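As structure tokens, here come the structures.
In what follows, subunit A forms one complex with subunit B and a second complex with subunit C.
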Partner chain A sequence: MARPLPPGVSQRDFAEALRQFETAVGKEWVFSSDEDIDLYRDAYSPFWNEPEERIPSAAVAPDRVEQVQQIVRLAGKYRIPLWTISTGKNLGYGGSAPNVSGSVVLDLKRMNRIIEVSEKNHYALVEPGVSYFDLYRHIQEKKLKLWIDPPDPGWGSLIGNALERGGGYTPMRDHFDAHCGMEVVLANGDVVRTGMGALANAKTWQQYKYGFGPFVDGIFSQSNLGIVTKMGFWLYPEPEAYFSGTVMVPKHDDIHALVENLALLINSGIVQGTTSVLNTASFGPPDPELARIRVGSSTSDLERYMAQKGLGYWTVDLPFYGPAKVIAAQWEHAKDKFSTIPGVQFRDGASYRFPLGQAELDKIPNPVPLGVPSLTTFAIGGPFSQGHMWFSPIIPMTGEAVIEATRVFEQVYTDLGNPTGALPGLPIWSFFARAFVIIYFFPIEHDVEKNRRSREIFRRLVKVAAEHGWGEYRTHTAFMDDIASVYSYNNRALWRLHETLKDALDPNGILAPGKNGVWPRRLRKGNA
Partner chain B sequence: MTSRRQVLQIGLTGAALLPVARYADAWPAAADAEAFYVVVFDERFPKSRHLAGEIAGPSAPLAAIRGDVTALWYHDLYFAWQRDAAPFAGVTSTESLFCLELLARDAGMRVTHRQAVDNDLVSWAIGPRRARR
Partner chain C sequence: MTQIPRRVYTARPALRLAILVFLWSLPVEAQKAPDVYEKWCTPCHGAGENKPGTISAGALYKGSKPAVLAERTDLTAAGIRSVVRKGMYIMPRFRKTEVSDAELDTIVAFLTRTPQLAK
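Entry: the complex of A and B
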């Protein structure tokens, strides 16, 4: 595949920019051979082998913040767009590949220092190349009584995942919310520290988020306004125990009371980890009889069948973390709340006391909710494909929204057909406070026609969701403009604000053009 | 000593859907079994164990996984790669190879051989990309 030049940049200027990058970081850390650049392709690109697939022109891997500053200044001089990655594992959302072909990937993997871990105040300060595995290994080796909160899978960067507003499973599950303090290189090469980090010799950079004055951290998440080179994270003190309890309710319409009580428990802080609401009738183990009943039978037929099986129509797993006595009381309290639903069943699930030995950990099929990073998600199986991406709308934490969203999205699949094997509906998650997120799986094939159909369904889902007041929290680079376009209140006022900030902070438009639908002036529609 | 090419041809007699000569030819002749730090197999698939054993011969150790490569990488390969970019090989699912390929990239290694065995399995070798790290 031919490697493109950055848009509007001559071959001569590009070559000169690479030469100066080499001076800044060392020749061995500028990558421009086909073999090297191939490694930055998005393995899960929905444009695989199509002209629209986004291909970088080169990559540069600095080792420290001063080199990042030099690269940014050089990129500004030559107007080279930079696409920043941390560990490059943002699979399903674009991987390492840029949003604009010809961009130079700014690969921060080498900046992998764990600068500080405080066991007494439960935080860490890390660089972008530090993965969840790296920090976990550090904590284990030092025998610190601390937990991290890894997502599925655990090889990504803490900073990268938090900046993309990813989620995990423990009480620190909202990864951006769990951050405290950033160091950011701006497009002009200036270095900013946010929050208390703005104090010279700061003593509480990782303990108090807001500092003094406007709180700007948010503008650097899902953003192209700066390059985050350090970030602090609050960690979870190793709990005494973990327990998982299951709640099953028998009727379709029980979803309303189920979610109302779940929201009360979450918003009260009784349930602090990620939960999921599962339609057991749709997503249980393979059952030919159930599959037969699902086609053309009534809801009451399904309810009867699930009752015969001793299963609920809806299921919620509640994770509890903390002192064992407190957990026992929380579970009793939760059962009291759900007991208002006729026919509700409760089951005790996994129960652990910490610390666990390696032999005990090895027996746990999925250790991620226990703060242990893993790649087991790749071994779970599922529809065969060369990759995947996600459609992930945020919906209200209500039973009505669960029913309506499921109905509306399934109708899109019915209307457009489902030739790709995409799954119409999966468990509904509480990765974030106060709202649900539905994660729809889209397979990516090395098949142009199947991918075209997947993109068609995806774009239709985005529009239909917006018509119902639901928007995605995160997306693949291929759909960033689509999703930005539906956040359109008051003539795109929010995106006009983003563009104002972009023009002020990055007038040459070198930082990740088009990321999350925010384009620099020179590449905006009508100007490109 | 039996060469890698011979070993693979023996191993393929009951295994590969592809012509034997083509499968064997795809393996780099220079990659002798003793050069492999480890040969990985997936114990869920008997054919994986069989072929991995053939590739390893008497000189390279075998390492078992069950789809998930986390423990193998976290407890073993991670430390091996700290010492040097030792080549390794395997017969696994594509998902397991995908994980190992991306992990190996971060250690300056790349897939040097990749060949479908059947719908479930792929045989592969990973070795140094270039002398960068």
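Entry: the complex of A and C
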């Protein structure tokens, strides 16, 4: 790939900036050869090998906060955009590649210190390069009675995933919500500690989130207003037990009572882990008869087929964590609630007591809901998959919304001629409190025409979702402007506020221009 | 199972070579992977049902070659370096801040049973 320069920066200034980066971090940790820059390409780019693929001009890898400060000040001097990555494993959402070609990637992987882990107060303080695998291994080696909450791929950064507002499966599943305290380098090189970390001699930085005065942590998530160099996380005390119970209901219209009771259980704190609602009739089992019934048959035909197979039309798995006696009571309570639905079936699922030995863990198909990081998820898409990206709208936690969203998104596929590849009918998840998220899978291939088609469908889905009042919680860099544009209430008032903050905190526009659709003044439409 | 301690990989070259030649003379299945392999490769390419790299290799080779990467005897240094730095199927490329050139040498040495490559 051709190596671009940072936008508006001369070759001479760029060379001088690289030389000064080398002075700051050491020559070994500034990458500017074609071969090294290639390593920062987004392996799952929907623009793979197209002119629009975003390619950095260089990468620089500091190993401590003082070096980050130096780099930021140099970038400001030369007006070089920096694209910060933690572990660079935000695959499906952009990987390690920037949003603007010519940016210098600020690679924080070397900042991988686990600064503190408290077993008594159940928290950790880490740097951006620490992965879920790293913290898990540390906890295992120290034999601490603590759980982490990994997302599906375990090699990502705790900080990166939380800042992107990712989700996991245990009661600590909302990763941004589970953070407590940040250290942030601002665009002027100043270092800020949030919450109680603003005290000169803080004793509760990882125990009380809010500190005193305005609570600013949120503006550093999915954002380009600062570079987070430390972050605290609340951890889950190792529970005594885990149990999974399955609820199956027989009729299409049972979705309403099913979700109403599920929301009650989640919002009451009875169910604390991530659940999923599965339309069993549209997702499985792989049976030619079912495939035939799905096309052109009535809902009652599908209901009859599912009943004959002993399956529910809709299925929900409920995870429970905690003392075994409490779990048993929670499952009984849940069954009482769902028993108002005629024909409901219940099945006992997996049951574990902790700690588990390695031999037991190795037998568990997916250990992620048990706080054990894994890469199992990369089997999605089949053995020869070349990558993927996700369309992930947030919808209300109601049966009506499940039905409507499923119908609306499937109609998009029909309107576009039922293209192969994208998979409708995936489970609907409760990664976050109070709302569902649907996560649609888009395959990425090293095939320009197929990727062009996927982008067309993706953009159509964004637009149609917005027309129905639904928006995405996170997206690939390729679609950040598309999604930001639909968050348009009151003439884009929220994004105008973001731009006001951006211009105040980063007047040179050097931090991740265009991240989540927030552009600095000099690169904003009409000004660029 | 014979474990090759991490310090072997960081010992003085002559001593390291002697130790590694001895250890690598043991049967292949008796060798334990170096830390860098366990950290970066085993989660996808190890034994077991849930390893995407192993699943992919099983589908690709259909039994003509072992699906578990460390059991392969036909891997070349150039091939390993290319896959780590350029990716293959869903496996992304690995940056030098993740797997340094020296660590890549260690991986190559382990997978090709060529101890002199370990630095």
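Quick notes
Here is the rule we go by: the second predicted complex is superposed on the first by the 519 of 528 C-alpha atoms of A that agree within 3 Å, B and C clash if a C-alpha of one lies under 4 Å from a C-alpha of the other, contacts with A are read in each partner's own complex, and residues count from 1 in each chain.
Operating definition for what follows: contacts are C-beta pairs under 8 Å (C-beta built on N, C-alpha and C of every residue); 3 or more make two chains touch, one makes a residue touch a chain.
Since the model is a prediction, treat every value here as computed from it, not as a measurement.
After superposition onto subunit A, the partners subunit B and subunit C occupy overlapping space and clash. Looking at the shared chain after the overlay, A:Asp107 reaches subunit C, while subunit B stays out of its contact range.
Of the two partner chains placed around the shared chain by superposition, subunit B and subunit C are both touched by A:Thr376.
Shared-chain residue A:Tyr44: touches subunit C; no touch with subunit B.
When the shared chain is aligned, no partner comes close enough to touch A:Arg294: not subunit B, not subunit C.
Touching more residues of subunit A than its counterpart among subunit B and subunit C is C.
Residue contacts after overlaying the shared chain place A:Lys309 against neither subunit B nor subunit C. Using the contact criterion defined above for the overlaid structures, shared-chain residue A:Arg73 touches neither subunit B nor subunit C, since it reaches no partner. In the superposition on chain A, the residues of subunit A contacted by subunit B and by subunit C overlap at 35, 39, 43, 87, 89, 109, 133, 155, 362, 374-376, 378-379, 381. Contact residues of subunit A toward subunit C in the complex are 29, 31, 35-36, 38-41, 43-44, 59, 61, 87-89, 91, 95-96, 107, 109-110, 129, 133, 154-155, 362, 365-366, 374-379, 381, 383-388. The part of subunit B that touches subunit A in the complex is made up of residues 66-71, 73-74, 93, 95-96, 98-99, 102-103, 105-106, 110, 129, 132. Residues 28, 35, 39, 43, 87, 89, 109, 133, 137, 153, 155, 362, 373-376, 378-381 of subunit A are the ones that touch subunit B when the two sit in their complex. Those residues of subunit C whose C-beta lies close enough to touch subunit A in the complex are 39, 43-44, 48-52, 55-56, 58-60, 85-87, 89-90, 92-98.
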